[in-house]
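Read from first to last, the chains carry the letters A, B and C; within each, the first residue is number 1.
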Amino acid sequence: MSDLIVWIVLFPLFGAVFCSLAGAWSRRICYPVAVLSMLGSVWASVETLMQAILSPVHEVSYLLGGWSLDLFPRGVGIEFRADLLGALIALVVTGVGLIVSIYSKFPVQRETPGKETMYYGLFLLQISGLAGIALTGDAFNLYVLIEVAALTGYGLVALGSNRAAAATFNYVILGTIGASFYLLGVGYLYLKTGTLNMVGIREVIETNGLLESPAMQVSFVLILLGILIKMAFFPFHAWLPNAYCHAPTTTSCLLAPLVTKVMIYVMIRMTLSVFGVEFSFESTLWTEVLPWLVVVAIVCAAVMALAQREIKRMLSYLIVAEVGYMVGGVWIYNYYGLIGSIFHVISDACMTLCLFLGAGIILEKCKTTNFDGLRGLFARMPLTMIGFFIGGFSIIGLPPTCGFFSKWYLITGGMVSERWEYMITLMFSTMVMVVLFFRLIERMHLAVSEDGKNLGAGHGDLGLSKEQSRFDEAPLSMLIPLLLAASIVLLIGVYNQEVVDQIEVFLGAYNLPTGVSYK
Amino acid sequence: MSTPLIVEDIRPLLALVVPWLGMVGILWAGEKRPNLRECFTFAAASAQAAIVLSLVPLVLSGTIIEFHIWQIFSYVPMLLRVDGPGLLFACVASILWIATTLYSIGYMRGLHEHAQTRFYSFFALSLSATMGVAFSANLLTIYFFYEMLSVSTFPLVTHMQDREARTGGRTYLGYLLFTSLCLLLPALSWCYVWLDGGHLTMDFVEDVGKVGHFSETTQIVLLFLFTFGFAKAGLMPFHSWLPGAMVAPTPVSALLHAVAVVKVGVFCVYRVYADVFGSEVLANMGGEEWTMIVASATILVSSLIALSQDNLKRRLAFSTIGQLGYVVLGAAIATDRGQGGAVLHIAMHACGKITLFFCAGAIFVATGKKYVSELRGLGRKMPLTMGAFMVGALSVIGLPPLGGFISKWYLALGALDRDATWVVVVLLVSSLLNVFYLLPVAVTAFFRTSETEKDPSFKEAPWACVVPLSLTSLGCFVLFFWSEDLLRMVGLQP
Amino acid sequence: MFEDGSLFTHLLVDRLNYVIYVVLLMIGLWAMVAKNNLIKKLIGMSIFQTAIILFYVSIGVKEGATIPIYLSEHDPHGESGEVNNAQSSQPERPQVLEASLVAGYNNPLPHVLMLTAIVVGVATLGLALSICLRIYRAYGTVEEDELLLKLESEELRSSSGSRTRRWRPRSKRKAKVPKSFENTRSRKGDGDSLTSDGSQDAKARSRRPSKPKKSKDGEAS
C-alpha cells in the first residue's frame, strides 16, 4: 500500500488552497504554484503507474482514513484504487494539466485579468477532480468527484466573456441532469448490494447472482444514461460546442481533452469492473442498439463539424465525433474494440490538447479563429502550425501518430465483431476529417479566396501586407507546450505497443471475445 | 537464391535518414544562401545514391539485408529488408534524384520560382518515403511510408499556391487518401486479425500465400481492396489524381509523377501480388483475371485519351497511366517472367519518362510553350532537347536498343507462359498507340516549320536543364546494354 | 381498494416513497427542459435533486427502527461497553454490532451520502444563480428565447459580414432584434452594452460576488 496515489489528487488540491490564500497577497504567485503542483502530481502519477505495472496484481490501493476492507460486503471507507487503466488515465489527466498550466501564462493574464487567483484555484481543483475520478474505487465518491470536476468546469468556462456565461448555463443544466442520473443509478446499486466499493459491488453481484434483478437493470440504464449525457454523446451534445468555443483559451485547452475522455473511462469502468462483462454486454439490447446510435452520432457530428467556419467550434464538433468512436469501440464488444477505445481515450486526449493549444495560439496572435483570417499562417508561425497539424494528422489517423493506432484497433474491433456499419462510419468520418484539416491547410497555404479567386500577384504571393506575412511566432511559454504535446502524440504513436501492453494486461482479467483465425 | 543469407545492416535505414538530414541543412541554409542549399540537396542525393549502390554487390551475391527499426505491434515490426526488386527500385529513384536536383536548379532558377527552400525540403522528404517503400519488409511498414509520401508531396503539388493548384491538390489528396484510408486500411486490418489469429507479421517473405487460407470471396475482396487501395498505381477509375497533379512544377512531375509516387504505387501492387498473395495463390484463386482486365483497359483507354491531349504534360501524364498499367498487368500475370518484367518496367519506364518530362520542362523554361501544337520548328531551335525527347519516346514505345524493349519483351514472355495470348495483343496495340501519341510531338518539332517564328536561332534551355535530360536519355541506352545485372536482381537470371 | 396485492396497495402503500420521488423527479426534469425562464429551470433543478435525496433517505429507513446512534445498551463507550473498551487494544476502531442488533437502527450511510449531495446541490445552485445574474446583467433578460435572439444578433455583429456563406435564419425575427436592443439599453442605463464586450465584462465582474469560489469552498467542506 502506498500513499503516493493520494498525492496525485492532493498536490493540485493543496495547490488550489494555497493559490486561493496566497493569491490575496500576490496574484503573480499563482502561476508558479499551479505549475509546481502539477509537476508534483505528474511525478506522483508516474510513480503510481510504475508501481501498478510492477506489482503482481497490477494495482495500487489506498484506504482513505485507514478503514478496513475486511467486512463483507467489502468496504466501509473510501478506497483509492489504481489499476493499470486508472493509473494510465490519471497520468493522462495530470500530464495534460501540466502542459496546459505551463501554457496558461499569457492567455489567463489577457482573458481574465485580475482573476488569476480564482482561475488557478478552479484550474487545480478541476485537475484533482478529474484525477480523482480516474483513481477512486468508490461509486459514490465517483459522483462527488464528477461534481467537483463539473462545478469547477462551469466556473472555468463562465470566467470568460458574457457569451461564455450564457453558454455555461446549458452546461450546468445538462451536467446536473447527467450527474443526477448517475447518482440515482448508484442509489439502486447500493439498494441491491449494500456497498459502494466498486470491487465490493462486483463481488456481491457475483455471489448473490443479481444479474437478473430488474433493479440492477434500472441502475445500469440510469448510470449509462447519466454518463452518456456527461460525455456529450450525440443527442446530448448540445452543451459542448458552445461551452468550449466561447470559454477562455486555457479552459478549453484543459476541458476539451479531458472531460469527455474521463467520462468514457467511467463508462468503461462501470461496464467492465462494476457491472461486469456478462451483465453489460451479453444482454442483446445494448450491444445491438448502441453501435447504431454511435453511427448516427459520428455521422451527425462529422457533418456538423464540416459546416463550421471557426476552428474552435469545428474542433468541438470533432470531439463529439470522437466520443462516438470511443463509445462504439466499447459497445461493439470485443477485445480489439476495447483496446482501441482505451487507447483512443489516451491518444485523443493528447491530440485534442495539441489542436486546442494550437487554436489558442492562433486566437492569441490573429485575434480570431475564423477561417477567413488564416491566410499565410504557415509563413507567419511555422512551428505552431507544425504542432497543430501533427494533432490534425493524428485525428485523421495518419501513421505514425497515435491516432492511427487507435483507429487501427477500432477498425479491427469492428471487423472482429462484424459491425460493418461502425467500420464504414469510421471511414466516413476519417474522410470528413481529411477534408476539415486539408481545407485548413489550403486556407493557410494558398493564395486563393474561398470562392476560388486568385489573390496576390502569383508566385506564392499571398496578397498580404508585409506586416501580416513576416515571421511572428508565439511566445515560448505557449509554443513549448504545443510542441511538447505534438511530440507526445508522435511518441505515443511510435511506442504504442508499450501502452497497449498495459491495456492488454488490464483487459486480460476480463473474458472478452477476440475473434477466430482464418475467416 | 535458394537459401539467401540474411544480414543485419544499418545502411537501409541510413538511406532513409539521409534525406532528413539533407532537409535540415536545406532549411538551415534557407532562401538567403541558395547555393549552399542546393549543395545540401546534392549531398543528400549523392549520399543516398552511394548508400543504395553500395548495397548492390551484396544483393547480387544473393544476400538479403534487413534492419529492424522498432516494434509497431506485438507481432508486427517495422522492418526494412533489401531484396532485388526493392533495391532496383531504390537505385532508380535515388540516381534519378541526383539528375532531378541538377534539373530543378536550372528550372526553378530559370523561372524565378518562389519558396524554393520549401520545394527542396519536401522533395527530400518524399525521397525518404520512397526509399522506405522500396525497402519495406511487411505490409504495415509499406503502408506507413506510403502515407508519408502522400502527405509530403502535397506541398509540392500545390507549389503554385493558386486556384489551379488548389484544384489539383484536392484531387490528388482526395483520391490518394480516400483509397488508402478507406480501402487499404480495412484490408490491412483484415489480414492482421484473421490470419493466424492476430499473430501475423504480414511479412513479405514469411507469410507469402497465407491469404490462400481465406475463403474465395474474401480473397477476391482483399485483392480488390489492395489493388485499388494503392491508388498511386493509377489504375482506372482511380487515375484522375495524376493529370490533376500536373499543376506542379515540372521537376516534381518528372521525379514524383513519373518515378517516385506512381512507381511507389505500382511497386506496392507488385509487392502485394508477388509477396502477399504469391504467384501460386494468385494464379489459382479464380476470379483474379479481372485485375488483368482492369490493367489492360487502363492501358488502352489512357493511351486513347493521351492521343487527344494537346497539353504536353497532360499527354505525358496519361501516357504514364498507361505504362503503370503494364506493371500492374505484369504483376497480375503471376508468372516469374511476368512479374520480373513488371519490376524491370518500373526502371525502364522511369528512365524514359523522366527524360520526356525533363524535355517538356526545358521547352517551357526556354520558350514558355506548353502545348504540342506550339512546338513546330522547335527541333532546330532546341536540337539537344528534342533529340533526347525522341530517345525517351522510343524507349517508352519499346524499341531496341533502348531499355523499354527489354521489359516489354519479358512482359510478353510472361503472358505467353500463362497462355494469355490476348495480353500480348494488348501490349502490341498499346505500343502502337504509344507511337501515335509520342512520335508526332517529335515529328512536329523537327519536320514542320513554324509559321509565326521565322528565326530558327539556336536557343536551348539553361545547361542545368539540358545536361540531366541528355544524361537520362543516355541512360535509356545504358539500361539496354547493361541489363544483365538488372535481370539478375529481379531473379530472371541466375 | 387497499387489499393485499392490488395495484393501489402496491403503489400507494408499499412503495409510496418511490412513487413520490419519481413524480418529483419528473416535475423537476420537465421544468429543466421545458421552462423558458432560466430561474424556473433552476427551481426545476432543485426539485430534481431533492427528489433524489428523498429516494436515498427513504431507502435508509426501516420500519420500527431508531436513529443510528448507539442505544445505551449497545454503546461500547457507554456503561455496558466500558469493560469491553478497556480490554480492547484499539479503542478507536469501530465496533461491529451483531446483525440482530443492527436491525434496530436505520441505515446511516444513505443519509450521510445525502449530506454530501446536498452540499453539491447547494454549490451547483449557487453557481447557476450567479451565472443567471451575469446573464441578466449582460443581456438584460432571463428568458431563454430572448436570450437566444440576442446571442444570435451578437454573433452577427461580431462577424460583421466577414462570413460569406453564413446561414441566416428566420429573417422575421432578425427585424425584431434592434428593438429589444433598445429596451436593454434603456433598462440598463449604460449605452453600448453589447458592442464593447470588455468594458461590460469588467463592470459585471466588479458587481458580481465571486460565486465560483464559494462553490469551491462548499466542496471542500
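One rule holds in what follows: a residue touches a chain if its C-beta (ideal position, glycine included) is under 8 Å from a C-beta of that chain, and two chains touch if they have at least 3 such contacts.
Given the structure is predicted, the values throughout are model-derived calculations rather than measurements.
K.L.:
Quick one: label the inter-chain contact graph as line, ring, star, complete or other.
P.N.:
Looks like a simple chain-to-chain line, open at both ends.
K.L.:
Point out which chain occupies the most central position, where each centre is the mean of Cα atoms.
P.N.:
Chain closest to the assembly's C-alpha mean: A.
K.L.:
Between chain A and chain B, what is the gap in Å from one C-alpha centre to the other?
P.N.:
Here chain A and chain B have centroids separated by 43 Å.
K.L.:
Mind checking the centre-to-centre distance between chain B and chain C? Centres are C-alpha means, answer in whole Å.
P.N.:
That pair's centroid distance is 66 Å.
K.L.:
When the centre of a chain is set as the mean of its C-alpha atoms, what distance in Å lies between chain A and chain C?
P.N.:
Spacing between the chain centres: roughly 25 Å.
K.L.:
Among all residues of chain A, which ones touch two or more of the remaining chains?
P.N.:
There are none in chain A.
K.L.:
Which positions of chain B touch chain A when the two form their complex?
P.N.:
So the residues of chain B touching chain A come out as 70-74, 112-115, 143-144, 147-148, 151, 154-155, 158, 160-163, 165-166, 169-170, 173-174, 177-178, 181-182, 185-186, 189-190, 192-198, 213-215, 218.
K.L.:
What part of chain A is in contact with chain C in the complex they form?
P.N.:
16-17, 20, 71, 76, 114-115, 118, 121-122, 125, 140, 143-144, 147-148, 151-152, 154-155, 158-159, 161-163, 165-166, 168-169, 172-173, 176-177, 180, 183-184, 187, 190-191, 196, 309, 370, 372, 450-451
K.L.:
Within their complex, state which residues of chain C touch chain A.
P.N.:
25, 29, 32, 38, 41, 45, 48-49, 52, 55-56, 59, 94, 96, 109-110, 113, 116-117, 120, 123-124, 127-128, 131-132, 134-135, 138-139, 147, 151, 154, 159, 162-166, 197, 200-201, 204-205, 210, 212-213, 215-216, 219-220
K.L.:
Hey, which residues of chain A end up touching chain B in the complex?
P.N.:
Touch residues, chain A against chain B: 336, 393, 396-400, 407-408, 411-412, 415-416, 423, 427, 430-431, 434, 438, 441-442, 445-448, 452-454, 458-462, 494-497, 500-501, 514-519.
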